[in-house]
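Take a look at the following structure, please.
Letters are used for the chains, namely A, B, C and D, taken in the order the chains are written, and counting of residues starts over at 1 for each.
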Amino acid sequence: MINKLISSIASAVKDIPDGATVMIGGFGEAGSPTALIHGLIDQGAKELTVINNNTGNGEVGLAALIASGRVKKMICSYPRSSHSKVFPELYRAGKIMLEIVPQGTLAERIRAGGAGIPAFYTATTVNTPLAEGKEIRRIEGRDYVLEYGLKADYALIKCERADRLGNLTYNKTARNFNPIMCTAANITIVQARKIVDVGGLDPENVITPNIFVDRVVEVANPVIESDLVAEGICYP
Amino acid sequence: MINKLISSIASAVKDIPDGATVMIGGFGEAGSPTALIHGLIDQGAKELTVINNNTGNGEVGLAALIASGRVKKMICSYPRSSHSKVFPELYRAGKIMLEIVPQGTLAERIRAGGAGIPAFYTATTVNTPLAEGKEIRRIEGRDYVLEYGLKADYALIKCERADRLGNLTYNKTARNFNPIMCTAANITIVQARKIVDVGGLDPENVITPNIFVDRVVEVANPVIESDLVAEGICYP
Amino acid sequence: MLPMTGGMKGWTREQMAMRAAMDIPDGSYVNLGIGIPELVAKFVPEGREFIYHTENGLLGMGPEPAPGAEDSELINAGKKAVTALPGASFFHHCDSFTMIRGGHIDVCVLGAMQISQYGDLANWSTGAKGAIPAVGGAMDLVAGVKTIFVISQHTTKNGAAKLVEKCSYPLTGKQVVTRIFTNLAIIDVTPEGFRVRELAPGIGFEEVCAKTDAPLLPLEET
Amino acid sequence: MLPMTGGMKGWTREQMAMRAAMDIPDGSYVNLGIGIPELVAKFVPEGREFIYHTENGLLGMGPEPAPGAEDSELINAGKKAVTALPGASFFHHCDSFTMIRGGHIDVCVLGAMQISQYGDLANWSTGAKGAIPAVGGAMDLVAGVKTIFVISQHTTKNGAAKLVEKCSYPLTGKQVVTRIFTNLAIIDVTPEGFRVRELAPGIGFEEVCAKTDAPLLPLEET
């Protein structure tokens, strides 16, 4: 019987090696797999390349992972936020690398990586510094820049409901990057707010079909990052 | 008040001009907007370029449109079927052009057209006759072929439920090409089995957000093409 | 059409947003940037309906929720709590940018650091050493949305011009801005350069010229 | 392991499908081509579970429905009525080919017109004048699926070899086939060429050689 359920966060993330590329779902705190990120901090892998839209809030979740010094490079669209001090300090100190990618190109690169599309053209960034050094191609009278698909060794994902086969649904705007990241990683690890029986998700409404999912852990009462930040909590 | 509901098939398709490129949803008869196709036959536009996975069944729906002599060119992946005589005869007589595109590349080209991606690379067709004359590019040790996005002037779509804003859901494998075609046409015209009130579709389960839809007509009891074929019916 | 107060000079943030809202056609799909652009939603003219898109995956975005009703998983691109109206839909980031890059959004209203007379926009980085670049979805929006409105103070806090011959900051996009709503005037980007479309109350053409670092064409008599 | 009948020579269609099913690991995501490959689903070995994908937008495809329970909107890639098992999901064509081209399907079982000793596959067109080309999803499958099995009669109805040095028909894909299940033998495509892995009951190596238009390496002693 196919069963992707894992009983603990620790065992779900235990094989992530040093040097891994890890996609982490979420847009700010919405859809952030904070429990899995904390599990990764506890696990200790270092020299990581992390792909996320942002760089985390306060000193919990992704910001705490960055603060731990284990992230070599961030690939993101927006590394600033009102509650993000960790990344700017490390970046200015030259202790972390940054690849800045426009949000839509980041999403498309991840989808392309998952869909077997190695490269594509987009008008985004043409005539801006972010296109410097990239191939420009004129198609039907307009310039486009060549961008490459992005893949990862692991994806850390937060979803709303999951079954043991790995079918997923999401909650409102916490969907964001999660479904596309599921497709682009060799191993996709999911924290689900609720596990339901196989057949408990309507086949019309499954957002991530189980083929894209490898491991599922139930986290019934996930922390809300902004609550932790408001309380001044630092992980660990 | 935004209201995309149209009361009749005839008025929904009346402005499709001669020479238009028309995407038609469906995979075989599943998801085929047969009522809209019959409306297009009645309307009389000619010199059409039609994009569909197949070439229709019997002498109804897409096959009837082709039989009417109004289709100049088909872009499809699989123009043969056990009940398709119309296309082969016209094709062998040199009366219709054919661009054959692998099914996955067809889907990706349509999505790209809708997503503002003018071109992309794929491994599909490399080292086959279908890649002849196309640009090949080696990326990370593997060859890929350059393919271009596809757009259309109109899309004819079948869905299950719709609201007046143009949000859509589909039924089982009748979804197929319909959602991506909605994104790739200037004017997207939908036949819906049932119109529901705004708010009657769960925002989590909308498959085609209303931004991609222009006109919706209710067709409560759509014909099933294979029933018509079995009865030997020819449209009109 | 605009509420006037005696002796008022120039437009407030709210009035700039209101004036921008007046120029958005009924039934438009609209994306609002962070800051003053967000205020546009409060001033939809009577009889018009706009559908708001937020790039983090919601079409049919409604106003902010009542205090206490915030949901940390229902936010806008500025990461503020919002609501979803009847007829809304949620989708992932890639589908969201299909709407943007694919040309499906009718109007986007953005803030600006600089706008050139050709419609070039700079709104993501000063390019200064040590500045942390943060582009978000701005470059995708200007590349993909048909009509780009800018709402901005006419000058910086230090009085430097924001409407310039050529942007000195790194560009967000080239030749992308359609119309600019400042506290002093409404200005179109035309093939001939900046052209004043309307002056704010109490503001003269000469004053706008003085605060603009590019040639400015006067109001066209119609 | 295979049901044997006295004096039987070679494998039936069902036995070829059964033998292919035995070589698919537990938990695999599997796409089955039209024809004999469809029979694989009937022979899943005890204790294993496969999840079937059909490229027209269904993961978790089940067997054909009971007569009278067919639904014209629930079909497979061969346009035959199927069912959806608990845990199934429906999706559009682009997401479906993300699964295929993105390398997410573990095993695909296809039919063949010709297979070369290098694993080149031809299964979509004879290339003859007047033939109507119809490729469907075959080229995407061979480009994207990790393991491609072929089930096919060893020769054509006219006795011509299907396993050849070089395909004369237009290719579906180059160097894509992993293993071939024919009525005479199971043959691996190796860097050294075709190698017999198993002979069907009553079939000798010489007979397979005689019906193959390419060098054939014998069973490896293990």
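Methods note: contacts are C-beta pairs under 8 Å (C-beta built on N, C-alpha and C of every residue); 3 or more make two chains touch, one makes a residue touch a chain.
Quantities reported herein were computed from a predicted structural model and do not represent experimental measurements.
Student: From chain C, count the fewest steps through touching chains until chain D is reached.
Tutor: Tracing touching chains, the least step count from chain C to chain D comes to 2.
Student: In terms of CA centroid distance, which chain is the most far removed from chain C?
Tutor: Taking each chain's C-alpha mean as its centre, the farthest from chain C is D.
Student: Averaging only over C-alpha atoms, locate the centres of chain A and chain D and give their separation in whole Å.
Tutor: The separation of the two C-alpha centroids amounts to 36 Å.
Student: Mind checking the centre-to-centre distance between chain A and chain C? Centres are C-alpha means, answer in whole Å.
Tutor: Distance between chain centres: 29 Å.
Student: If a residue has to touch 2 or more other chains to count, which residues of chain B qualify?
Tutor: Residues 108, 111, 115-117, 122-123, 170-172, 203-204.
Student: Can you list the residues of chain C that touch 2 or more other chains?
Tutor: 84, 90-91, 94, 97, 100-101, 143-144, in rising order.
Student: What pairs of chains are touching here?
Tutor: A-B, A-C, A-D, B-C, B-D
Student: Okay, in this complex, where on chain B does chain C touch?
Tutor: Where chain B meets chain C, its residues are 1-2, 111, 113-117, 163, 165, 167, 183, 198-199, 201, 203-204, 206, 209-212.
Student: Please name which positions on chain C make contact with chain B in the complex.
Tutor: By the definition above, chain C touches chain B via 27, 29, 49, 51, 53, 59-60, 84, 86-91, 94-95, 97-105, 143-144.
Student: Within the complex, which stretch of chain A touches chain B?
Tutor: Within the complex, chain A touches chain B at residues 108, 112, 115-123, 137, 139-140, 142, 144, 148, 169-172, 202-205.
Student: Of all residues in chain B, which touch chain D in the complex?
Tutor: 27-31, 53, 77-81, 87-88, 91-92, 98, 100-108, 110-111, 122-130, 170-180, 207, 224-226
Student: Which residues of chain C touch chain A once you look at their complex with the stated criterion?
Tutor: Touch residues, chain C against chain A: 54-58, 71-76, 79, 84, 90-94, 96-97, 100-101, 127, 130, 132-140, 143-144, 170-174.
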